[in-house]
């Protein structure tokens, strides 16, 4: 039981628990906060892998941008109440069954799969520093990088399109 | 690569047009631009594709992608041409709509030209996000909202699945590059993650092409979306997803394992059957065509079964299907643009009040039903022929039975047009609908008369 | 540098990701509140991201991490669009309960 | 030259037909009648020419006109064969035909469709000639069906009356049953010998290596054909109904000519029947049974034409009896004499009906002797002839049949004799009821009683004369007919020596006839008996009067079941079969309707199925393997 | 000069008719159809002189499909049947007025085009395409210009379409399968395929489904009566006169030579079914209340006999089948036209409402009578030649087939005469029946003249088809 392993288990437990609580808690605000926690724990995993840049970006993007967006929306809609009606019992039961089923199925296939015990490759090369990532991102992955901008542009136009009021509209 | 760049530039131009108040010119210019891009795309045949090797690790320009790109561009031309009138009430947004369509095309091009899974993923997301937006774009219409919401929820769920699949493939091989993955995939000792990843990715794609049992979104979304979006989804998006699925399978692994073929067979049968049987009882034309699209997805999946040889057939089928779809949607939009719904009753008496549109719609429905001389017939026939060669006679028989069922609902519409009396006077229809409908169906018939035109492209 | 996976084992990460992914799926199925459903999808995506990083380390390869960037971009775009749709649904319907979205059926 | 003449002989009535059908309505009735008659006379004269020529050189005239039907193993010509048999038939067909045409000019004078009547009659003669002069079975079959058609057209001539139309239809269909037999018989022969030409069949048969069972079957089938056309058991029921047609039609078609086609055919194919003794037995038995049954029904009929009709059936039965016993000449002889006196009888009855303005019920006649003397006398002569009174024609021919029967089978002889006695009885019953005692009709009819015009009486007289002297053609001793037909008949029928036995038989026959006459005399002249009204008839008489309920039996056994089957098919089976096809559609639609519940718009459900799908696929691919 | 000219002419005719406008459409259609008739006679002449009037051209390379049209005697006979009946049918409709007549006549000519194509094509896929193409025009003709209650009609017509299409699709599978074996659709290559017994069986079955529905053989006939009843008379004529023959022709041309051993093995069943159709059709026809329906069932019976002739696999059977097809084509067109003539005057086809027509219209009565007689195969009509030959061939196989099949001459006479009696005879009808017009009379006379001429002299037709039938038989018996 190395400290790293303990850390892993600790983080993993947090991740799963907060993820679960996100779903379970009735108040959307609580959900959001649990989700933030979950994201932080995932960032912890990243750090565990020594992927600092990624961890930071992750926190910035998810906790900083996406979660703020979520919270903003929740507030906008005034949803910070525990007024959600539960789904019918049968549906919830179904969801739980499916959840268990899927977990079992996926876990089973990965248990069955030939897992690699023993030594993992250690190239010793630097593969996750900002420098390396930047090089790869702007050389090999230039096209997708640019294309991602198209993605964001499209999303932006889309959001504008969805939110823009027209003169002809009555509201 | 040039194609992608020019398309994106065109998209940006559309946005700029808004700024410079060129709305009137927007649609014609975009159409012309797309035609020019089509020229570029077709021109790529003449020159050696390998010339474009700068980004070969991301975008592969080969016959397959070229052919499908050209098809997508053609479809987009039609869709954009229809948009001009469709969005005439929304002048302030028209450039956004057009731009999104063009970006959607860019995503589509990325999807069939990818040689790196990153491009694939981004492409599919560009396409999907554009479609989510378009589906929900009638912002005051509850149905449109609902459609957008449903599509978004299910679509992003599917994206998650696809991403998971990509991840596992990466885990198994350590590459995103298609060529490398293919090399490794045929080698021994590849972890089981790889097939799992493949399966998850394919499931995600099956969702995109709306194959059963991942098809549930399609009818609801098709019905709720604005008609032009439905047209886009049922023609362009479906064709793109199908081509991508084919490319994924043929690009990532050398051949399918028999059990997986079994899965495809079952999914194909399910899609055909569910699609056709459900379509029988639909009153809403768009919903009916959604189910029809599901069944066509089932047919197209047959192409997967003879993976190494079916590219031409698939191209032909998709072209035939999409052109018929465009033609029928041009008519559907033209007929229902003022009525606010798309019930079959709108088509009553169309044979008398507007014979040309009725004829086009009839022709396109016949094509979808697979009646000769329309290209839909050859498409189905070649598909069947390939499937028989691959040894799936049973599947073909199911396909044939489904073709028979499909006639039932296609003809329901035809019957409405020719045997029922029109309830109300139909206002005049702008010429652009005729233009699009007729040229699409003419293309369709031309493909029917000279199937070699398309068939030989990929052989 | 030592490969951290020597101490944890890739399969642990796989299981973690799978479970996280499944929790995401569970959330999608379990909740009616569209926002929570969105969050669940985010959890799914994050589960995959985590696995990407794990595999990246496993292969000692940067591409996996690069991919995570794209994945994040996608997630951001999706959330933006999704929330925009959500807002317009909310405006029209006054609720974001996905079970109320039953106009389209049959 | 001969070919042309033969063609003229054949086509002359056809020209008459064409003229009358197309132009008949435009010319006067007399012209159309005259043309109709003349064209038949032309044929008659030409027949005489050919007959004379044949008598001179004894060589039959045969010619193939053109190729007709071709099948893999043989080719059929449209061929003409004029030999002894066909010329004999031609002579009396065209001869009697001419007389009846002549008669009809007057008889049908008041009918608005007289030209059509002549057209049909001409067409009939044309087909009858075709039937007779064909050189192969198929040409005979054309005529065979053609005369059936004309019979149909003429029985239903008064088409406004639906029962008449029913009778016509019945005649056609009953005939068609026989025709099927004929066809099948032809098929077997064609299969056996690869030809249908008489001469060739004869040659092939003489080679004698044919399968006798198949030959028997062929003969049986042909005989079934004959029973249809010649109204034998069990297909005779159409003939009495056929009396719905105008009386000349009954005389020509349903007494003298068409109904003898069966005999002609059997005689034509004698070389075949001679090889199949079993079938000959059947023919003989059927003939005798028909003779008896029909005669017995004739005993109690009250319609004058019905009596004659049953008499015809009965006489035809006798002819078949002769055929069955191999005595073809005798049968032919009786055909000819029967043609004379039966035509005369029918025409006479026509004259009576004409005189009474359409009354056919003998109960409403009587005492016409004075009013219609010529009719009475000619009919009387013919009645004596049919009854078999010496020395009228019928005596000779019928006597020969009885003699032949006696030689072969005593039972048949007894049956035939009883039939003869019955014949004598009912014929005289007819005469007594019609011509003797007082008139029983209405006053008005009585007022109008008159002898028929000369166009009607002349043919009667000619036929009556023939009925007297017709027997001369084959008097015992000279046996002209026997010699004449010798080249045709393979198995020679030796002439009877006029020995004691023969004279004795003649005597018995004569006595029998006289007994019948006396019986009738006692009942109707002395007893003054008039048949009861239909409702009063009871007991066995009623059964006989109703023709043993054979029609009802057929209706019950065949017509009703077929019709109810048809109804069942139409109302039940067809919709059910249709539903089977529709049920696929209904099923699909039903599933569609149910499926709508599945697509209930609930995202949760959609996702649920989605995830289940994933699980299923993954389980199948990675766990189940 | 080759046979494609007929196809082109008809296609151009169809287009020209469409553009001729409603007023001229019928005339233009008549001219073009007459032109096609003339052309096919000319080509027949060329064929008889030994000229090569076939055409083979490339169409597509993958799958390898050629534009192959071969005209042998059999094909030419069927083409002539089509091109002779089309002008007659068009001409017969001159007494009717149709809405949108340009569409109507264009569809008629197009259908004729497709049917001629079916008879000429010797490339499997090409043949199949024409086969299906013929279905579309008749669908619209029946649907749009049909009579009776619209809902009922729709049901019947859609059923017909789906049913026949369904059957043909199985044939398509068979072709696809054959193609995967032979690598070509050319009939010659397909003839030469060596198939195993099982393969032959399934291929035979697939073809059988297509043809049994089209012909129709019981129990696949359920579409027929209703469609005949509901379709406009022109449509009914096209269907019964020519389209049925497509199925029978195809049996001879495609089904038998490609799967001969299956045909031989299942001969009793096939002939049995066909003959059952004869008897069944006749019996059902007996009690029909609608004139057109009665004729439909009579058609079922006759066609059953023809089908039985096909499956005897003898030269007699096949040549009788061809004769009978042609004869039946003409006679049924004539009979339906008679029904139409009555309908034009009385506005009804219910037999019970008719009767008493004869006294008002001697000409029509005679012509109708002759057609009725031809339909019951009276000797002297062409129908007799066909029926005789077919029955003869049946008797060669088994005498009982001939006996059972021969019941048609009894039952046929029964229902036809009964119909004639109820429709035409009896007391003069209170409604006035105008005598036939010249146009109507011309149609009748043409049909009758044809039937009588070839009834007495069928040699030209038999000589025309025999060599090609022998070729086919050689393949069957190889």
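Going by the order they are written in, the chains are A, B, C, D and E; count residues from 1 in each one.
Simple rule for what comes next: a contact is a pair of C-beta atoms (placed from the backbone, for glycine too) under 8 Å apart; a residue touches a chain by one contact, two chains touch by 3 or more.
Everything numeric here is computed off the predicted structure, so don't read it as measured data.
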Each chain counted as touching subunit C and subunit E at once: B, D
Between subunit A and subunit E, the fewest steps along chains that touch one another: 2
Most distant chain from subunit B, judged by the mean position of its C-alpha atoms: D
Central chain (distance from its CA mean to the mean of all protein CA atoms): E
Inter-chain centre distance, subunit B versus subunit C - centres from mean C-alpha coordinates, in Å: 27
Centroid distance [mean C-alpha coordinates] between subunit E and subunit D, Å: 37
Intercentroid distance (Cα basis), subunit C paired with subunit A, Å: 5
For subunit B paired with subunit D, centre-to-centre distance based on mean C-alpha positions, whole Å: 77
Per-residue multi-chain contacts in subunit E, two or more chains: 162
In subunit D, residues with contacts to at least two other chains: 585, 596, 599, 601, 603-604, 607-608, 611-612, 614, 618, 622
Subunit A: positions in contact with at least two other chains: 87, 91, 94-95, 98, 102, 106, 109-110, 112, 116, 140-141, 144, 148, 151, 154-155, 158-159, 162-163
Every chain pair meeting the contact rule: A-B, A-C, A-D, B-C, B-D, B-E, C-D, D-E
List of subunit D residues in touch with subunit E within their complex: 21, 25, 66-72, 78, 116, 138, 141-142, 144-146, 149, 152, 156, 159-160, 162, 165-166, 169, 172-173, 176-177, 179-180, 183-184, 187-188, 190-191, 217, 562-563, 565-567, 569-570, 574, 577-578, 580-582, 585
Interfacial residue positions of subunit A with respect to subunit D in the complex: 87, 91, 94-95, 98, 101-102, 105-106, 108-109, 112
In the complex with subunit B, residue positions of subunit A that touch it: 109-110, 112-114, 116, 140-144, 147-148, 150-151, 153-155, 157-164, 166-169, 171
In the complex, subunit D residues that touch subunit B: 585, 588-589, 591-593, 595-596, 599, 601, 603, 605-607, 609-610, 612-614, 617-618, 620-622, 625
Residue ranges of subunit D touching subunit C (in the complex, touch as defined): 596, 599-604, 607-608, 611
